[in-house]
Every structure is written in C-alpha cells, then in structure tokens.
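Naming follows writing order (A, B and C), and every chain is counted from residue 1.
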C-alpha cells in the first residue's frame, strides 16, 4: 500500500464517519437517553444511560407487540424469500436456456413487474375475493408477486454464465428436467442465491407500505408497522421511538455482518449486466 | 432421437411464478383501469367515466406533484449514478480500510426507511437539529431543511441519496471488477493519465453497470414514497408532494377511484420515461 | 413450510402477560393528545374496577388528516378497534357511518339533545356518544407577557395585530405556530367561522347547497388572510414549520410565545406537563373586524363510536353507556378537569376551572356570542385544508388563491358524499 493509498483511506474514513456513521451514533444516543434529555434532540453524550429500561419499555409496549411483530415479519420474510428463490430461479433458467416467442411475454411481465407501481386498492379487492386479505400467507404471496421480476432478472443473467455443457451432460445421462434443475443447476446458483436472499429479505423485512395495506389488524403487525404506529404513540417520548429504530435496525445489521463477504462475492461474480 | 423430444427446459417451470404474478399483480393492474373510472368506496362502485382523470388534472397541486416527481427522480438517480461510480473507483483503488469503508457506505441501504426518515427529521430540525448546530459553529445560520418550501424536496432527496448510494456503489464495484486489467495496462503503456483512463476506459466499459444503476434508481425515484412520507408527508403544504404521495393521500381520504386513477397516471408516466430510455441504452450497447 | 397462525401467538402473549382471567378485552383506538389518553385511562380503570371481567387494550393514533385517514382505512377494511374516539360533525359524516358504525341510540339517556345531530348518520340513526368537553376555538395568550407589556385582550383583528407588533418589538415571539402537526394550522380559518357567520348568516346552508364559495366571500377569505398576515408580520417562532402541538402549548404556557391559536382542550396538555403554569394562560375568541360583534366559534366534543363489525358489540356499548353517564363524566373531570362544558345531563363543571376556561365561559352565557364551527353545520370538509393552511401560513400561497383551492377540495369531498347540487 502506497502512502497515498493510506492517506486517501484515512480521509475517506473521516468523511464516511461523519456522513454515514454519525447518524447511527445519534440514533443510539437518543435511544439510551431519558425522556427529557431525548426531547432536546441534542447530539450529546447521554448524561444518564437508560438502555435497559427504555428497551424493556419498548418491548412491553402494547402487550409485547414488538415481539409479535418480529415473529410475523420473520415468517413473511422467510416464506416469501424461499418462494422467490425457487420461482425466480426456475423462470430465469427457462428464460435463459430456451429462446422462443414466449420469452417476449415473460420479459414483458418482468419489465412490468419492475416498473409498474402496484394498484393498491384493486389488489385489496382481489385479495378479499380470494380470502387472502389480512392473512400472513396472502402477504407472502404479495411479496412474491412484487419481488419476482428482480429475482428472475438476477437469475437469468447469472445462469447465462453457467456453461450449457453441464445441463447437456445431465440430459445425455437421461436426467429429468426437474432433476437437472434442482440437482445440477440450483446448487451452482449459490452465490447469486445468497445475494438474492440478502437483498430480498432486507427489502421485505423493511417494507412497510404493503403490510400497511394488505395486512391490517393488530395481530398481524409487522416490525416496520410498529415503528410507524409508535411514531404516534411515542410522540413525546423520542427515547423510546429511537430505541424502536435501534431494535428494527439490528436484524439487518446481523445479516449484514454475517453475509457481508457473500454479498460482495455474489455481486462481483454475478456480473450485473441486466 | 425423436423429432418431438420433450424440451429439458419445460414451460411448467414458469407456471407457479406466472400464476402468483398474474393473480396478484396483473389482474389488479388491469382492473385498475376499470376502477379508475368509478366513484368507489370499497362497498359500491358507480361508473363516472373520465371524471376522476379530469379531477386529477384539475388539482393544482398535481402539476406541482408531477414536476416534483421528475425533479426528485432526476436528482436522486443522477447523484446515485455519479457518486456511486466515484465511490466505486475510490473503493477499488486499494486504499486503507477499503473493505470496511465499502461496508459503511452500503449499510444504510439495509436499514429501515421509516427509521432513517425519523432520524434525519431530528437531525434536520431547524433549531435543535445537529446539522444546524454544527453549521452554527462555523457561523452559518442553517435553514429549515424540511419545512422550507424551496428546500424540502431536495432535503428529502439528499436523505434518499444517503440511503441509496451504497447500492449503486456496490453495483459499480461489481461492474469495475468485470473490466479486464489489460485495458488499463494498454492505456498506461499508451501514456494515458489517471483521468484519461477514467474517461476512456472505465466509463465506457462500466456501461452495463451504469444502465442498471440509472434504470433502477430512476424507477425507484419516480415511485418514491416511503422516505417522503416518513419525513415531510409531502409538506410544507404540497411543496414536496410527488405523484406517489398525492395518490396515497387520495387513497387515504377514501377517494379510492381517484387514487386508482392516479395509479394509472403514474404507471403511464413511468412507461413514457423508462421504455424509450431502455430502448436507447440497448441500442447504444449494440453500437459498442 | 409451516405457517403458525399468529393469533395463536398473540393469545400466548395475553396469557403470559397475566390477562388470562379476563373474559373480554375491548380494543380501543384514541388519538394521542395527552388529554384524551389521560381521560381514557381514567375511564377504563374505573370501568375495569367495577367490571373485573372487562379489560382494555388502548392504541393511540396521530391526529389531523393522518388520523382521519387511519380511521377511514381501518373501518373500510373491517379492522377498527371495538371502541374508538373520533370527531363528530362533518368528519363523522365522511366515515360512511350508516354502513360502518353501530347504532348507539339506546344508550343516549343522559346525552344533551344538541349533541345528537352531529353524530347522526344520514339515515337518522344516532351512532355516537360525546367523549370529552365542548370546546372553543380561539387564541391562547400568555398573561404574564400581556401584563408585562401592558396589553389588553383584543376585540378586533387589527387590535390583535397591534398587540403582535408590540410583542415583536419587545423581542418576543408573538404567535406560536406548529405546522409539524399540520392540523394545528387550520385554527385561524376554522375559528374564524363566528365572524364569517355574523357577516353572512346563511353561509353554512348555502355552502352545503353549493350556492356560495369561500373564494368569493370576503368574510370567508379573511381566515386565510389572518394566516398570511401573521406570517408576513414575522411574528412566528423560528421552528414553526416542524414544531408540534404540545410544543405550541408549552410555548404559550411558559411565555416563550405570547399567542397560540388552538382549541380549548389544549389546556389539558399544560395541566399535565406544566401544572404550575396553567393559570398563566388566558383565552380569547378569534377577533373579527367589528368589536361589537365579538364571539366564539365552538366545537362539539369528540365522540366515541363502535364499529358495526365489532365482535364485542354488547360489551362495547355497555362501556360507552358508562362513558355517557354522570359517573363517567365525573371520572373524566377527575382526570383532566374541565376544559369546557360536558354535554351530559347532570354533569356539573367544578367551580375551580383554569383561567383560560373561565375566560371562555362568558361567551356561552350570552345568547348569540357563540356559533358552532362550520363542520357541525355542514357535512362537507375538504381533506386538504390543513395542507392549504400550512401553505398560506408558510408564505407559499396567497390567501385568495388558497381559498379558491380549498373550494376545489371541498367540491371533491361533496361529490364523494353524493350531495345534491354538486
């Protein structure tokens, strides 16, 4: 490393610290302050630490609603991401491997999925008709429908990098299509699958508009909705509001710390060419 | 080998995805054209023709919402593209703590939009906020970032850029890694300076990543809603209203038909902007 | 993949939190004003003490348009709490009450007749009971500042502006505004209705019939003009764009600002947060052009409702009949005092009321010195009023233009309600 690289790094670090890290430090400080001190909004070291009592108060608020919210959000995220991986890979695979007139139709669908803002009220109308409105599995399917386009594109471009020789060898061995896909192709997609899981689970976990509409009801609450609801509930209790932000930020942080290498590796390996 | 051998890539692979997508996305989208022509209170519909659209274009704040949407989308996607590329170049040049810095820049992408909105609303408070207090130390009287009508939209755009630039950076880092080092070597042998290398090698060869970044952030910007709702709710007045927030307000006020008409208008706007752009990008790619 | 119904988990939590013996839990949705919260806490505690098998789960929501929208959406999707508190009058009409709300006409025993029309749906059924006190809309002022500067309570808008000028000259904030809670920006317009009505006595009926407009009625434009005037005068607090309602009450209570236009329920917040300063606040009606015609615009209390879809309809009605009883009324007075007359027969105001309430009562005692706010005389209230008033109050849009814009907003609401002549 040259001294220039070192100095640039130090300057970049200082800039990144101010721009990207301080807001999180601020959130943390606010979250541990007393109610009166938090109301001042000042970016100061907390004069008293109320980490534990604030945490307990937020978790206990409205009958442990936050715990229920974590539970619901986890189910929705895991369910939707699992389906997105399988469905997305299957479509991307056929799309890339079998050029035909149908592909145009699929591409049109994908393009719409990426572009078109969901028509909220008619979607509620459809969900009500199917008995899926206000249900967790309805919410999962909505997230699948909205996330599919991105998954398909990501898989399609990655599958393009997998040599066809592999499937052809399997075909010659007499393997069935599903066996080729699940046993040969899907394992090879691991890097991009990790990327997809990461990106989609963050998006779904952080989604608040869709649950707000399609999943009303107190027993259906999701993590982002607690934050939104508590914004009114804690209007003058900023310490609790920021503690809630802190708690909502932790799951992505954990995922990020664990999967950091895989994302970067996955993104770099999976050539982003759309 | 028989002539009618089954394809190893059967279309039923597409079926599960197609069913979910059709029922929960395409059907409501198509139905929205009908509902946008009704007065609708979720209990009953009354067909009123083009009245909702007329109403929508009569709302004086819609025109502002429309220009705001365009400004917001251009500012955020432009900044994310430029900053993303510069950061990616910086973070692939082997500087100290490079890996850590990549993580730091990327992390905001992953956190809750509502949380970010609340946090910045506090930081941007005109009298108590840390930003203006910091500015006052250097003798600057900071503005009301989120409640000054001329600034609010740009302040929200800044928060959006802050939160989203990490994704652009990551995409560019991947794009840069795909450029063969041989190009740079050849350029160096030809005596190209660093800035020449950037403009003549990096920018053209990283174009696939640029296409992705521009398209994604432009669509995101046109549809943007969460961050605006979490910070200004379109205010002060209608100063930072964008199409999505105008639609949302109509929806929330119980004007379901009108909101759905707004949805259709937003859909058309995005199509008008993105389709030609995609076509243009594709054409350029062929030229290269 | 196995899906565990989250309701099962919910009941596990309820058991875990020691509520297993409760037979009914009524869910409650109220706004997040400290006064509402305190009143409801007292009511529910008293009710549970008398009926140990009923407990409550109280949820708070934002006020203003955001709250309106939340209530509408919850009702439309069938997810409303068993009991909720919400405005009476035109905002009640916008809830599509004939379809969404339960019939409460059999628990009206002690409710004063004048309240019933504002919670009666178009089909003639009474669907709410009063919750809280009737209110005046006007201007709070800080008595200490008035004393210190030798000011007297203004009877005309011109006098009010002259006071503001003196307060500003003394280096103080003359008018607190809190557009961070956008609903608070409407006060100068809505509380001017007494003055509108004294200039144009038929305004409300003509307005409902689409025969008169804000923009073409100078007396009605005046409310918007007031907002523009205080902004242009430079009388506002620096953080007017982001400050919230409770900060506005704090400013006028502690003398950080001399005036704050608000409904009289605001004093409840001061009572809780700054009890020592309650009597530093006075109150006067929003002055108009003529000192001889000085009167108060009054608001009916909020109401409590039960959604038609509530699974606990009977229990909810029992609870509300307690709220509408003399005992319930006294419970509320015990918790939050009296911020105005309660509309319950036999529920007397205590003798020691805060200074600002004492300032308000004389208006009620003289015939013709009060007029109901427009939203209790007409079913139409445009949903974008609070954004428009923020615009005027922040100098974005001139008053006349804003009045015209509001007329369009009103038109949209009238069409949605299916009113004749629109």
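Following the convention adopted for this analysis, contacts are C-beta pairs under 8 Å (C-beta built on N, C-alpha and C of every residue); 3 or more make two chains touch, one makes a residue touch a chain.
Keep in mind the model is a prediction, meaning the values are calculated, not measured.
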item	value
Contact graph of the chains (line, ring, star, complete, other)	complete
Top chain pair, ranked by how many C-beta pairs fall in contact	A-B
Centre-to-centre distance between subunit C and subunit A (centres being mean Cα positions), rounded to whole Å	40
For subunit A paired with subunit B, centre-to-centre distance based on mean C-alpha positions, whole Å	16
Per-residue overlap in subunit B, given as positions that touch at least 2 other chains	42, 125, 128
Contacts with two or more other chains, residues of subunit C listed in rising order	66, 73
Shared-contact residues (touching 2 or more other chains) in subunit A	124, 231
Subunit A contact footprint on subunit C (complex, rising order)	1, 3-7, 9-10, 13-14, 16-17, 27, 32, 34, 57, 59-62, 66-67, 73-74, 77, 79, 244, 246
In the complex with subunit C, residue positions of subunit A that touch it	62-64, 67-68, 71-72, 75, 78-79, 82, 124, 133-134, 136-137, 216-220, 229, 231-233, 235-236
Residue ranges of subunit C touching subunit B (in the complex, touch as defined)	65-66, 68-70, 72-73, 76, 94, 96, 99, 179-180, 182, 238-242, 383-384, 387-388, 390-391, 394, 396-397, 405, 408, 412-413, 415-416
List of subunit B residues in touch with subunit A within their complex	6-11, 13-14, 16-18, 20-21, 23-29, 31-32, 35, 40, 42, 90, 93-98, 100-116, 118-120, 122-123, 125, 128-130, 133, 162, 170-171, 173-175, 177-178, 208-209, 211-212, 215, 219, 223, 225-226, 244, 251, 256, 259-260, 263-264, 266-267, 270-271, 274, 278
Residues on subunit A engaged by subunit B in the complex (per definition of touch)	1, 5-6, 8-10, 12-13, 16, 19-23, 26-27, 30, 40-43, 83, 87-88, 90-91, 93-95, 97-98, 102, 106, 109, 111-127, 130, 141-142, 144-146, 148, 152, 167, 171, 177, 180-181, 202, 206, 208-209, 223-224, 227-228, 231, 238, 241-242, 245, 248-249, 252-253, 255-256, 260, 263-264, 267-268, 270-274
